[in-house]
Every structure is written in structure tokens, then in C-alpha cells.
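The data blocks that follow each hold one structure.
Next, two complexes with chain A in common: one pairs it with chain B, the other with chain C.
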Partner chain A sequence: MQRREFLSSALALAAASTLPAARAEVVSGGQPWEPGQANLPALPAPRQGGLAYFTQAEFDTAGALADRLIPADELSIGGKEAGCATFIDRQLAGDYGRGATLYRLGRFVKGTPEQGTQSPLTPAERWRKGLVAIDAYCQKTFSKTFVQLDGAQQDELLRGMESGKLELGSEVETRELFEQILANVREGFFADPIYGGNKDMASWKMIGFPGARYDFRDVIGKKGQKLTIIPTSLIDNTL
Partner chain B sequence: MANVRPKVDAVIVGLGWCGSLMAEELTRAGLNVVAIERGPWFETSTDFPPSVDTDELRWDTRRSMLLPPAIETTTFRNNRSQTALPTRDWSLNELGYNVGGSGTHWAGMAWRFLPFDFEPYSYTLKRYGKQQLTDGLIVQDWGVTYDDLEPFYDRFEKIAGVSGKAGVLNGKQVEGGNIFEGSRKNEFPLPPLATTRLTDLFTEGSKKLGLHPFMVPAGQASQAYTNPLGVRMGPCTYCGYCLYYGCGNFSKSSPNACVIPALMQRSNFTVLTDSAVLRATLAEDGKTATGVTYLDRNRKEWHQPADIVIFSAFQMQNVRLLLLSKIGKPYDPASRSGVVGRAYSFQTVSGANLFFEDEQLNQYIGAGALSVQVDDYNGDNFDHRGKGFIGGAGILVVARGARPIGNADAVPPGTPRWGSDWKKAYTHAFQNGTFIFNQGTSFSHDECYLDLDPEYKDANGDPLIRVTFDYNENDRRMARFTEDKAVEIGKAMGAKIVNGFDSAATNYGPYLPASDHTIGGAVMGTDPKTSVLNRYQQSWDVHNVFVLGASSFPNNAGYNPTSTIAALSLWTAKAIIEQYLSKRGPLVEVSA
Partner chain C sequence: MIARHRKTLAAVALLSLSGAIGLYGAYGVADAADGIVQPGQQSGNSQGVQAPATQPQEDPAVARGRYVAIAGDCAACHTDPHQGKPFAGGYALETPFGKLLASNITSDKATGIGDWSEEQFTRAVREGKGRHGENLYPAMPYNAYVKVSDQDMHDLWAYMQTVPAVNNQVVSNQLPFPFNIRLMMMGWNLLFFDKTPFKPVTEASADLNRGAYLVQGLGHCAACHTEKNFLGGDKNDRFLQGGDLAGWHAPEITGNRYAGVGGWTSEQIVQYLKTGSNDIAVASGPMAEAVTNSTQHMSNQDLNAIAAYLQSLPGSKATKPQPLTAVQQAMKQGANVYSANCSACHNSDGKGINQLAAGLGNNPAVQAANPQSLTTTVLQGGRGAVTLGNPTSGAMPSFAWKLSDQQIASVLTYIRNTWGNAAPAVDAHQVAQTRKDLKLPAQMSADGSAR
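Here is the complex of A and B:
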């Protein structure tokens, strides 16, 4: 193992705020408990201009991608309005974006499909390189950016990425990039609004998911019935 | 090495179910015990109260309670001719990483294994003869039987507050329970969980086929409960934030809710958290261990001297610690000799995806083990003559709490994965889609094993475990057979679309859907040539080292493992207290 690699991964771990916090190390004579403390999720503070990781252009492309993957229709608002790009921007600025939990030591060698990803890229790096590659492809093919394409052209490109028919060049693995974009957009649509997406719990209303509710003893007996439970989120309304 | 802690009677490496049950027994017997746990302390009221727990992105999608691969992962290859590569992202290797271990975030299915599962070799020989066994399959008896373990299962069920219904009580079949289970002395401490539309559909459908459905024993308290250690549990509220989550209601059976509160009151017990054990240290003659070496949070190296060393660091870690400590002879697949790392296997899974026309399943209501199962095709509960395999699977449906991110790909086959058509299909499927899961037996094979990777290391510079694994012919035949049964049940349930799946139809891979129950590698048995541990989970080679966990299983049953590893831990604790403390030597003599 390279010394430098090891150091950077140890630092990444130390900086990784959503990894369990280190607390009392020798515990005896009762349970340690800190009054008034709760292990709340880490939410990176937005930078000036409102963005945490993306440039404005990247943010706009992420929004356009989200709007094709989750279009506005009679079921719900679209991915862009739901805040998927904001969600992704914040995720990429945090532990997730920097790949804090990924094993990133040793040689990166391409393996069998069963062995899974061997990419040295973090999610944040993959998005950045991926958006460059997408726009380069669009410029070459249409002399436009992704955002400037019409919906049908955008869908065509996404289908190509998904099926592996379209290769965006050597900087990113196209299929891995597509899977990451799709996963992150869906997360932005469905995760608790506390993370910046799922505006007004739009996705939960769409599928009939009650959100952050913790007690269903009163309704579990209503088998096979439509339950209209108003969803609730983790956003603390008392603040 | 300058830092030495005061010597203790026993050091426990890893504080999950195995470690905490062992600690409870040993401290109650008056021993001075230190447990060393790699992960942090977790406390219900601060780490997963309802206002923190209800967060799918954090706990499920981002796996925030599990061991990050960055800290330790495994390398993987399907066979010896390949080069193993590290599993870099979250995968089926879902290891615990906090006080409570995986027992904090598990689903809570709390099974006893069948009598067959402990003596597969004897049973098979008697009923079918040797020709039933495929080439290279590892089938051996455990050296401990269901009857030996019955009282310890009973004790665990009472400590954990398991909700269920007996099927065989003192040799007599009882209405409503699992008629195939081994005979029990006592009813479950709590009645079964509530049923749902999904469990009703499965119950009716499987009964139409002449099968025998029953509610799965659940580590979720169906009612308020006080366990034998005096710890109180609250009734489960069916919140569905269960598998991958802690429980904010003190309702899920976990070391945190059921054991640790009692343990922490004892002055002869101490936990060192955020501290990773590197290896056991051996005396010069190699016949006993002198303690363990560990790194504290600041990466300072310490020695903890102890008279007894317990490895309860989870199956994979146990094998790794044995290899790094040089305890026992590593398995060599070429010569088929050695034992540590041998008899590794997994869990063979098949089943069926179901989509109904117009149901209202409300599957967001549920609990990790709110489940109904048939055991008609599990273990040796059916006639295997002419089938070319042994074993089978528990076939179940589970209302574990459907969540929006995790379910997004659960749409009928042929549906696009994005766009308006996907939204429409998913909205329908969220109420109408579900699956039948066959949790199958697994037998190991001469070519499947664990060893230390020659290249990839953890952040401390110690080699990772290398997994060499693929499904074998026995398990593939079993999975095909049970897949067909799941499809039959799905149709009998009235689903419009029934699509069988079979994990063993392709190569194994750590990212492909299956279960996370890895087993073996440091198995118990009757012969030191084919086992690492004797029937008391004591090392054949180093008599003051005991190893607890699914690493002891020579084969996997068609169930989840935890009640069995818990019962085995309690069985071993009794052997330590009643035999080892006065003997200080091997508890089973090897005939020369």
C-alpha cells in the first residue's frame, strides 16, 4: 500500500461526519448518555450562491437530467422542481460524494462483472467528469449542450447510456455513470425533504407513502384497505 | 509494545449477540471480563429515537450503521483461476460496526434450525445413502445436536423476547405453529406478531396447495415484555424502519435492548469501544493464548492480557483473526488439507416476484420479521429420492416495511426504469408488487474457502480476507426445485404476474441479490482434520481460545442464523463455566 493513499483514506475517514462519531472509549458502570444530544444527519452548509459542490452549469444539467428521468406529469411534479439537483449537490459535497465509505486502497484493476466496480472515482468525481463527457458528446453530435437539447434527444442519449450502446469516452464508464445518475435522482425524489429534494413530499404523495411515521398499530388491522395517511417528514417545524 | 492493560479472566472480541450473551454469562459467574469492540457505542435515546430512525436515505440507502468497506472489506473471486479483487462498495457483506453488532440493525427472524441441519451427514446416509451427495460437497455433522441445544434456544428466546407460536411442543404437534420444527419444551415467550393482507394471501394460497404456513418467529415484541435479565421491552408499532435501522421503541430484540443494559450494571464488566483487535498473542509453546493486541481510536497499540480469549467478531472476522493469529492450520484447496477457511459457504436463494392486479398491500406497515413461511420444502422435510440434492429452503413472504428508494426497481419485468411509464408502474407496484423469498440451505464445497489475500490490505496494513466462492451443483438443483415451488405458491395467491428468480442460476457475486448470511470457515466438528473447533467451539489447537458465530457452521440451514449462533454461545458459556474453569485444557480429547 502507498503511504500517501493510506493517509488520505484515514483522513477521509476522520473527516467523515456521518460515520459513527467516536465517543467514550472505556465504558463501565452504566450506560454513557449525553443529555440533549441526538445523532442527527450531517447536512453540509450551502456555499455562497446556494450551491455546495456543483457549478451553476453542472447544477442546471443535473436538473435537466432529473426532469427526463422523473418528468412532470399527471402523477407528480418533475425531478427538477422536486429539488433533485439540490439534493445531489449537497450529497456530493458530503461523505457520500467523497466516497468516505468506499474501499479505495490498492491497485484498481478491471475485473469480472461479478467483482463489481473497480473505479478509482468518487461519486463527486464521477458526476463532474460525467457531466463534462455528456456535454462533449452533445457538442460533437448536436453542437449544443445537454440542456439545450429537446426532450426526445435527451431521452435518446439517456437510453443509449443505459443500454451501453453509447460510449462517452475513456474518462468515465458510461454504464456506471448512468446508474449513479439514476440512483441519485431517485434518491433526491424519494428521500426525506430534509435533504433538499422531494419538495412538499411530492413523491410520497404520489405512491402513497406516509413518510416519517412510527406507529401503525391503529391501522394494521385495516387489511387491504386504502389508507389515506398524510405523510410527515423529519423537518423540524418547531425551529 | 508499551501499553498493557490489567489482566482479566476473559477478553471478548466483538460485542454483538455472541459477545454480549457470553459476557452476560461469564460476568454473572463472577469472572472479570473486558469486551473490545471496533465500532462506537450506540444508545437508543440518542442514536435512533423515532425522530432520527425514520430516514431511509441515511440508514438503508447509505447503510450508516454498517461496517464501511473503507475500514475493512473482502476480496472476491468465483474460482481459484481468477485474481480476487476488493469489493469496494456496499455489498452483501453487511457487517455490524457498533456495540450490539449486526444485532442492532438485523431483521429479527429468530429461527431454530431443524434437527437435520446439525447432522446432515448421518441423516443423509441413513435415509438415502452416499449416492445422494454430489462431487466435492462438504457434508459433516456438527458434533452437537438439536436436543443438546434446545434449552439454550429456549433461553435465547426468553432473553430476546421472541414472538411466535410453537408447532411441536414436547413431541406433540400444536395447531398454528411450524409442524416441522424440532420439539420444544416451552411455548414462545410472546404470541406472534399481527398479520397483514400479504401474510393472509400467502397463508390462503399455500393452504390451497396443501402446505403448512405459520408465522415466522420474530425478534419484535408483540406485547410489552420483561426478559429474564429484568430488561423491559415495548410493543412493536410496525413502523417498518426495522431492517438496517435501530429501534426507537425498545421493541426489536437486540443486544442493545435486551442484554447490554443489564451487563453495564456489573462492576466486573468493561467495554473498550472504537478499538480494533489485530490478533491474539500466543504463549511460546503456541498451546495457549496470552491475550489480544488491539489499536485504540488514536491508533495506539495495546495489549490486553487474558486467561481466556473469545472471538465473537462475526463469521468473516473470526476466520481472519484466526489466520492473523496463526491459530489452526490454514486450508489448502490443492491438497485438501488444513481447516481454517475450509467449509465456507453462503445461503442459496431463489423465489418469485409477484404483481397483483388490484391489491392494497400497504407494505410500508411492517416489521423486519413480520413474515409467514412454509417449511414443507426445507431441510429434509420432504423426500429427496431421485432429486439429486440434499437440503431445501424456507419459503416466505415478509411485510418488512417497503420503502420508496429501496423499492424503486420493484416493477413488472419489461417496465422502463425511468420516465412517466416507470412512475405509473411504480405507483401501482408500490401497493401491488411483492416477492416470495426462498431462504435455502447451503453446503460448502472443496473449492470454496477463505484465506488471506496476497495483495489487498486494510487501513492497518493487514491482509483482507479473500473469498473464493461459487454455488455448487447440489445447491443449484435445490434452488431450481424450490423456485418452482415459489412460482406455484405465487399463482395460488392470485398474483397476475409471477416471475421466478434463482440466484444460483448464474455465478455468485457480492452485488447480486441473495442473502447476507455467510457461514463457515472455522467450523465445529468431531474431527480436528475437518474442523477448527470441537463441539464446545473451543479451538482444537489453542485450548483457551473459543470462537463464536456462524463461522462454526459446517453448513447453512434454510433459515437465518442468529438464534443458532446465540444458542451455541450460551452452550459454550456453560461449558466454560462448568468444565473449562476447573480443567484449563481441551474439553474433548482427540483419540490418537
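Here is the complex of A and C:
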């Protein structure tokens, strides 16, 4: 069937079957919500001690990992200070950590890299097993935990995980684990501070991102000029 | 209805050949042609505007009476907006003195007014007396309806008798002691009820007199827009110069150019009443209901008459103060909050979007001495009036979770003193009080740590 034919017949079908019913909703009635109701960002409630998913040891290891992936330098604070571990902790306690939007009914077969992860593990489970495996490797090799290693040793381990030269054992897919850690640390560094990371909008200030604004019509014509837009976050009492 | 249904099917069959845009247009015309909507069909949701069944052989008195019921906005109280049957009552009116339930005024003999005589009905509407002569409470605006003409009362009665009977027993008086003693209203009537019928001003034009008749009588605009004394009586020397009701301030609507609508063209007033918004203001809150239920269905001639009359009123002595200057801390903070949160819809020049987002510059409601409506709107959000002319209208989200009391106070101070506006600053304590009164959540923490 030609594309044009398909489109016109689909339109006729839609007009004949669905539009009269849809009309009542489209033509009248205001917006589909009541004043006083707000769709708030969903944030899991922290448990005792302020953590939502991690144990304190896991939280410390996540912070150390974040600080090697995004070290403090002259451009910005590091991943640990920026709160990446807090961000990850909260995300793993919520829908993301539970893999709420992933197909997880199996069967699980190892795929090609293009097919993405084929693991039965949820992100939260992968983090937990991964941190156990990392510390087990560190104990075996250095008789220390990951947190106790010096920066060079930590970097060396991460490089090994990234390149695939280092295997953390049969319990975890090492490369997938590394990719997840890197992705989550980045997300924590750049997401809105309301989610626990990106302290004081450090990353946005570094790259000049204006943040949670939604109107740039006044500056859209200022091509090539320096714009001094104050970055703002969803909840921003510095405004 | 069957004929109309068939017509619809034919239209669909025809237009499926020519595409969706054509369809839309055709429906718009069909809706408009249906004419006056049955009053009392509005609810806050998507079933808002409904087209009535047209009755070819209808008694002209009934048709006129339906228009009187619309102009009087009887449905505002006597139809429960939450799935209530038209005029079946039961809607709770919160007054400063306690709760009153609007009565059932359908033609039901047992629980409505089906057994009433025309005299009893007329006396209830114009004099605030129940069927057996007992005093009604002035939540029923008989102090305004007293101005309704004999002809209109007669037509209204003709129409009310055609309203389908609904059996719904309503115990209207839910007031606490001593306000539940109806006899007390005798004193109230002596003090505040001016029984004078409407008197046209001979030297004024017919148009102006028609406007005065509608505004003072059926429209009962003063119920909200005139300040009340501590007993709930109108302060007649401040007629239509603005009034407070729970959570809202109904602004001045006289010819005062600063506080009222004196600076508007009559076209702007008519557009506002007809569609719920114009290029300056969007009707929201209680006024949105008034537009949806009542004014949108009034004739352009009547709306023009209302505009002419309102603008002829000299109004208050309120004049524009010196605007607060940008050096003040609140104005700086307000400008920052505005640019990050408000400008996407209301624009950096404060002009808003016609028929969607209120313009803020030169808008009397924005500069009203009492900023209550602004505070309420920012905290809980709002929905513009839904009308046949503007069927989806606009809406504003709640900012209670996003902004602090101080930020809301500052941004309101800012919009009240920018784009040619000038009005007193808004205090953060008032925002805090409104947040509490409306039971809205506190601002979320910036890093999501505390809930």
C-alpha cells in the first residue's frame, strides 16, 4: 500500500469510528485537573538514618566510585560531594531500582551488545551484587575494601572493569556493572538537585546550563552573545 | 434528538472524505447553532458545556424565563456542581455564619416547588419569604432580585414549572445557634433590605437602564463585588467597589480606571463575560462559574448594556500610587521568580496569552488593594472559565509545592508594580495564612531530603 493511500484510509477510518466519541472530550471542559492538586516529583521516603536503599557501607563505596569517575578539580566539585551516592540511593529505592518499566519475565539469554542488558537483575540488585563483588575482589587482591584503596588503585580497578580485562566473578556481568555505575553517577551529577545530587547546581554552573526554566524567547535572538542566565532548580530558594 | 443524531452521522460520513480539520469546524457551528444552554448543566469538569435539546413548539414565555434563570444564575447555587440534577438543590454554601444548603426548586411536588403558587414563588424570589411566610436567608440574593420586573418574574415562573421534577429532600438551614433562628432575619431585613423595585433613570439611555437592571437585579453582582458589613449586609456606599469572600477578592468593577474596568473598552468587557477571558484578564475561581453558568449565555446586547452601566459608575476614589521601585529586595527576588516560573505563559512583558493566560499589566484584579485572589491562585492554581466561545480555556498549576511564602509574596509584589502597575507590596505572612487556610502542602525541600 502506498503511504498516501494508507494515510487517507486511516484518516477516514478514524473520522468515521472514533472522532464522534472523542469530540465530547475535545470540545469542552477545561483542563483535566482540579486546582489545588499538583503532580509532585515522586521521591521515596528515606528510611532511618537517611538512606533509602543502600547500607552505610554500600553508600560509602558508591560515593568513592563517584569521586573517581567525576573527581574534584578546578572545574567543579567531585561526584561524592555533589551527592551522587544520595541520588543513586534514592533511585534504587524507587521504580528505577525495581526495574518497574523493564520486561523481566524471561527467558534470559545472552544477547549481542546492541541488544542491551539481558540480565534478570533489577538495577538495585545489580548494584548490590556488584558492590559485594567489587569488595570481594579488593579483599582478595589488596586485603582492603574499595573505599580503603588509594586513588590510583581505584582508577586501575575501574579501568579494568571498563575495558573488560578484569572479571569480578560469575555473579556479575562486569562490563554491564561498570556501565550502570558510570551512567548513574553521571545522572546524579546532572539531575535536578531535588533528587539528591548536583549539589547547589554545581554541574549546571560548570557547563552553563540554565536549569529548570522554560522560556527562552527573550534571548533566542542573541546568537553568539554571552548570556548571563542564573541557573535555577525546581525548588530554588536562592532566587 | 433523533433528528440531530442522524444529522451528526451524515456529517461524519461526508466529512470523513475531507479530513479532520473540516470536521472540527462543522461541529463548532453545530454547537453554536444550538443556542441557549440549559442552565445548571455546568460542572467543574469536562461535561461543562452542554447543548440543550431544542424545543420547536416551546411557549415563548418559557424561553424568556429560561433566559431570566440564566441571567439570574439560579443554577450557581441551586444546582450541585458535583453531578447534581439541574435545580435539585443540596449544594452547600459556606457563609461566614455557617452552612446553608441551597433548596430544591424543581417542579417536584413533595421536595421542590411543584405545589407552590406563582405568588408564593414571586414572594420568595423578591422578598425572601418561604412558602409559609418564613424568612429566607439572604444567601438567596433577594435583596438584588427585588429589582426583577413583574414580566421577568412571570416568565421565570413559567420556565420553572417546566423544570423536570427531582425528588431530593434538602434541609436548608444548617446554621449554628443563634443564626439558625429564621426570625432573626426580620431584623436583618429591617436594617439592610431595601424593598424598592427597580426604577429606571429617565434621563439615561434605554441601554444604560437595561444594564443597571441586569447588574443590580438578576445579575446580583453586588453579592460578591460589594463589601459587606459585619452582619453580612451590603455597604451600599461602596457599590461594586470590591468585596472579599472565602479565599478570593472580587475586584472593583466600576468605571474607576485604576481599580475598576474604566480602562477597558466595552468590547473587552463583553468578551470577558461572553468567553471568560479577554486580552487582559481570565475569569477564574467563583467568577469562572458565573461566566460558565450565566453570562456566556446572555445576548451581546445585554452584555453591552452591562458594560455601559458598569463603566458609568464613578466607583471608588482609589488612585494609582507610586509604583515600588526595582531597588527593593522583594522586587529583585520577584523578578527572578517570575522569569523562572511565570514568564513562559504570562510573558516577560506581562501580556499573557489572549484567552489562555491572564495578562498582568493594567489588570485591575492584579492591582486590587487586597491581593487575596492572587495569593490563592498562585498557591492552588486555577482554571479559566469554560465557555462555548473558549471551550478548553486555560489553566494554571499549583505552585504551593514549588515556591516559598516569601517567594510568592515577592513575585506578587513584582507583578503588582511592573508594566505600569502600582499596588501595595504583598506580605509573606498573608501567603502563609492562605496556604494554611487552603490546607496546601509546604514547599518541598531543595534537595528532597525532608518530606
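In this text, the second predicted complex is superposed on the first by the 203 of 239 C-alpha atoms of A that agree within 3 Å, B and C clash if a C-alpha of one lies under 4 Å from a C-alpha of the other, contacts with A are read in each partner's own complex, and residues count from 1 in each chain.
We take it that a residue touches a chain if its C-beta (ideal position, glycine included) is under 8 Å from a C-beta of that chain, and two chains touch if they have at least 3 such contacts.
Here the structure is a predicted model, which is why all the values come from computation and not from measurement.
Engineer: Determine, under the contact definition given at the top, whether A:215 touches first (chain B), second (chain C), both, or neither.
Structural biologist: A:215: touches chain B and chain C.
Engineer: Counting only touches as set out at the top, which of chain B and chain C does A:195 meet: first, second, both, neither?
Structural biologist: both
Engineer: Quick one: classify A:234 as touching chain B (first), chain C (second), both or neither.
Structural biologist: both
Engineer: I'd like to know which partner A:34 touches here: chain B for first, chain C for second, both or neither.
Structural biologist: After superposition on chain A, A:34 lies in contact with both partners, chain B and chain C.
Engineer: Touching A:101 in the superposition: chain B (first), chain C (second), both, neither?
Structural biologist: First partner only, chain B.
Engineer: Tell me which partner A:152 touches in the superposition: chain B (first), chain C (second), both or neither.
Structural biologist: neither
Engineer: With both complexes overlaid on chain A, does A:75 touch chain B (first), chain C (second), both or neither?
Structural biologist: first
Engineer: Comparing chain B against chain C, which has contacts with more of the residues in chain A?
Structural biologist: B
Engineer: Once the shared chain is lined up, is A:203 touching chain B (first), chain C (second), both, or neither of them?
Structural biologist: A:203 contacts chain B only, not chain C.
Engineer: Residue overlap on chain A between the chain B contact set and the chain C contact set?
Structural biologist: Touching chain B in the first complex and chain C in the second, residues 12, 19-20, 23-25, 27-34, 37-38, 40-41, 194-195, 212-215, 217, 234 of chain A appear in both lists.
Engineer: For chain A, which residues count as touching chain B in their complex?
Structural biologist: My answer: residues 1, 6, 9-10, 12-13, 18-34, 37-41, 68-71, 73, 75-76, 96, 100-107, 109, 111-118, 155, 158, 162, 182, 185-187, 190-192, 194-195, 203-204, 206-217, 219-227, 234.
Engineer: Could you please specify the touching residues of chain A with respect to chain C in the complex?
Structural biologist: Listed in rising order, the residues of chain A that touch chain C are 11-12, 14-16, 19-20, 23-25, 27-38, 40-41, 43, 45-46, 50, 83, 86, 90, 193-196, 199, 212-215, 217-218, 230, 232-237, 239.
Engineer: Show me the residue ranges of chain B that touch chain A in the complex, using the header's touch definition.
Structural biologist: For this pair, the touching residues of chain B are 39-43, 45-58, 61-65, 68-71, 73, 76-78, 82-91, 97-98, 194-197, 200, 235, 237-241, 248-249, 260-261, 264-265, 267, 269-275, 296-297, 359-362, 364-365, 403-405, 408, 417-420, 423-424, 426-427, 430-431, 455-459, 461, 507-512.
Engineer: Which residues of chain C touch chain A in the complex?
Structural biologist: 8, 12-13, 15-17, 19-20, 23, 27-28, 31, 44-50, 333, 336-337, 339-340, 343-344, 348, 380-384, 386, 388, 391-395, 397-398, 400-402, 404, 407, 438, 440-441, 443-449, 451
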